[in-house]
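A single structure is presented below for examination.
Chain IDs A, B, C and D follow the sequence of writing; residue 1 opens each chain.
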Amino acid sequence: MATSRFAVIAGAGAGTGAAIARRFAQKYPVFLLARSPDSYNSTVEEITASGGQAYGVSADISSAKDVKKALDEIEQKVGKDASCAAALFNASARPAWKPFMDLTEADFDASYAISGKGAFHFAQATIPWLLKDAKNGSPEYSPTLIFTGATAALRGSANLAAFAPAKFAGRALAQSLAREFGPQGVHVAHVIVDGIIDLPGSKELLKDAGPNAKLDPNAIAESYWYLHSQPPSAFTHELDLRPFSEKW
Amino acid sequence: MATSRFAVIAGAGAGTGAAIARRFAQKYPVFLLARSPDSYNSTVEEITASGGQAYGVSADISSAKDVKKALDEIEQKVGKDASCAAALFNASARPAWKPFMDLTEADFDASYAISGKGAFHFAQATIPWLLKDAKNGSPEYSPTLIFTGATAALRGSANLAAFAPAKFAGRALAQSLAREFGPQGVHVAHVIVDGIIDLPGSKELLKDAGPNAKLDPNAIAESYWYLHSQPPSAFTHELDLRPFSEKW
Amino acid sequence: MATSRFAVIAGAGAGTGAAIARRFAQKYPVFLLARSPDSYNSTVEEITASGGQAYGVSADISSAKDVKKALDEIEQKVGKDASCAAALFNASARPAWKPFMDLTEADFDASYAISGKGAFHFAQATIPWLLKDAKNGSPEYSPTLIFTGATAALRGSANLAAFAPAKFAGRALAQSLAREFGPQGVHVAHVIVDGIIDLPGSKELLKDAGPNAKLDPNAIAESYWYLHSQPPSAFTHELDLRPFSEKW
Amino acid sequence: MATSRFAVIAGAGAGTGAAIARRFAQKYPVFLLARSPDSYNSTVEEITASGGQAYGVSADISSAKDVKKALDEIEQKVGKDASCAAALFNASARPAWKPFMDLTEADFDASYAISGKGAFHFAQATIPWLLKDAKNGSPEYSPTLIFTGATAALRGSANLAAFAPAKFAGRALAQSLAREFGPQGVHVAHVIVDGIIDLPGSKELLKDAGPNAKLDPNAIAESYWYLHSQPPSAFTHELDLRPFSEKW
């Protein structure tokens, strides 16, 4: 690879993950992790077509074994000397909106497998690369690890008793890592995405609410890029993103 | 059993769990859940000796199967008509104080197994009994479900990247349940215990700090009882407990 | 006076203030501060009639001069050796529910005069007495300073741009004092009262919502008393109070 | 003036205020408010010298009369048709670090006069211009109102009992305005600046801590600009800024 710094995105399916990948591909080769090639293929093609470098890697982020295999795959491609400029954790289970007594253990596990355990695996996989990047002196932008959160990372709600604990866990992980690795030069941040994201699947939602009532994935991606661009003298560790018209 | 209302305590080992059991045994038959009889035997004996009713139940709270078995055991004892006045979740894994890259998946799982999954199982097991109690009209004190939290439920910290996510998850669960079951008459609360608890095992800590520098387990138990005693017109959903001299 | 420990309540008008006064009068002589005797007269009579000791003191809590005068009045009554067991700040301006551009400087000042400045004056007036009480060794209950807060102390809202800043300020003051005077033995706490209080003036509100949908002032008062009764090994610094059926 | 959109900065003295003014002057004519010309003169000259448009306006932000006068002055310059693209409130009293009982009423008032009342006046003065800008359709960047906060806006501390209430009040105001004016197209945000700002006056602080241990005012200014640049589909309402090495 031409450059020795790369970015890796977990949860790089359509929507926010794809937008983040496109944004970071303007600067770095990007690795898109998702469970199946269906999730990343079109984005990889799109980035490649527009002159960027993008690679899809299939992995179930909740599986240590899968993540290890994905790491090896990336390392083979980037070589021993490469370092990670940005690791972006955007994976999330779908919220199981159910009365608590209808939740199964599998529902509870499913959220946690991604937002808790998956975030843990992703961080353990990428932090050595991020630390290496910090040691290299990060000529331009500091190495950055960002976690996508949600309102459910800040407050529990009726019918969200599986999803909220997992999102809270992800926020706790982000804070813990920010406090441990910030002083070592790695910028760790947590982003609270609050609102409906404007995707093909959410077309019918808020459709009479006028423009900008839903979150534009590219606007979210731009904020991730902004976090990455912050100099070490002024890191942001948490910010919220919501449409101007959102109630909160 | 003489009375049809009972209390159940998970994590009823020495210390806070035992103190909570003793406090609630002044009013109700109490069931003490812990992994092994070594944890509850002496408390059961002590309560029995002083005229209360106490029963030990062995269960690994993180195991759905174990919790189900414990439930059956309790139900056999209390009968079909009984209802739960207070369910008190005091179980917790020991924090694995380690740099993040030294944490194993097992460390991460161990905290979550108790504070996340264990809390989930305990809530699913006890809520039907608590709802039944609410329907009975709770002549005196409202049915109450309390979770023991910690400072790590409010903020992540370096070297606490396994413990904090699990404690955050427990808090999210408590909030979600409070919002779902409060309107049905079940009082759900989360208690932030911040400081060193005064136990045989913590004797050497803060030993020159004078009296009251550590949390008295009986004082914690008294606060749980107070929460239970609140009328439905003024429920508390979260409170902190810390020694007067604690920095925070 | 028979006892050397007393309690003082600011904002001791009808409702919560009166309920707090009645509760603390079960144990201590109580001084009721309010702008006019109309606010405290009936409560003073009621307490006296039931065998307690109660004294009304007229003062505008936002005025340093008035507060100083009130202090002198109390000191004359209690004598040089007395100490304060509980100082309870329950004063509050009415929220000016208005669009921001309709707020006058006077609206903004009015909230702050009570919840900010008034709380400051009250704390400066009572802390020397509370510290004296702490030095005396507080044979039973620790000297306690409690501030009544509201949901608007936790989040700003449209149309509450005068009230929320004042309530936030009161919470900041409570936290600052808790951290400064806790280690000196004074228990400082902030209570978030969230919901409609059941008063003659709120009769028409939620009238079809069934029992306990509004906060019973006596239940609030009981929680203040509970805070006062906590031993120094386990102080609570903040708790919320809301009806079981409240959305939050 | 050539353009009809302008920016106004309160607390535009040396340091952060000056950096913000320089940043926004790259795009807009900027008005610098400060109590005395000494605070803004050199920045006005610097901006002018580099081809920007900058105007100093003397005003005590805590005085309604002064703010009104400043408004008239600005309006004369910009004309009736102009609108405000960005209003940036960076004024703050110096924290009075004192034990609570040493604080005077004047200390308490001094913090509030700026962070509470001053913020209120500034918002009332600029919101009509910001709303007008929103109605104009904001071809590029949404009209933005930003308040500079501090850690003391999030937690009270011993010896900060005058400063913290004022900073909490400022945050409450920002939240209230965000919820009221966001849906009308005005982006309101609050920035938590946590750490020592790198200024001539802070030269001796952290001087052995290496590079980036203090906040670079230009980095803060860049974050304000970033907030201004966010599209209405993804507004940030609060972010923190701290040096990578800061403990928090």
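We adopt the following convention: a contact is a pair of C-beta atoms (placed from the backbone, for glycine too) under 8 Å apart; a residue touches a chain by one contact, two chains touch by 3 or more.
For reference, the UniProt names are A, B, C, D = NAD(P)-binding protein.
Remember, it's a predicted structure, so these values are computed and weren't measured experimentally.
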Worksheet item: On Cα atoms, by how many degrees is subunit C (NAD(P)-binding protein) rotated relative to subunit D (NAD(P)-binding protein), nearest 5?
Response: 180
Worksheet item: Using CA atom averages as chain centres, what separation in Å is found between subunit A (NAD(P)-binding protein) and subunit B (NAD(P)-binding protein)?
Response: 34
Worksheet item: If you average the CA atoms of subunit A (NAD(P)-binding protein) and of subunit D (NAD(P)-binding protein), how far apart do the two points sit, in angstrom?
Response: 31
Worksheet item: If you look at subunit A (NAD(P)-binding protein), which of its residues touch at least two other chains?
Response: 179
Worksheet item: Line, ring, star, complete or other: which one describes how these chains touch?
Response: ring
Fill in: Every chain pair meeting the contact rule
A-B, A-D, B-C, C-D
Worksheet item: For subunit C (NAD(P)-binding protein), which residues are in contact with subunit D (NAD(P)-binding protein) within the complex?
Response: 64, 99-101, 103, 105, 108-109, 112, 116-117, 120-121, 123-124, 127-128, 152, 155-161, 164-181
Worksheet, complete the sentence: In their shared complex, subunit D (NAD(P)-binding protein) is touched by residues of subunit A (NAD(P)-binding protein) numbered 142, 179, 182-183, 185, 187, 198, 211-216, 219-220, 222-223, 226, 230-248
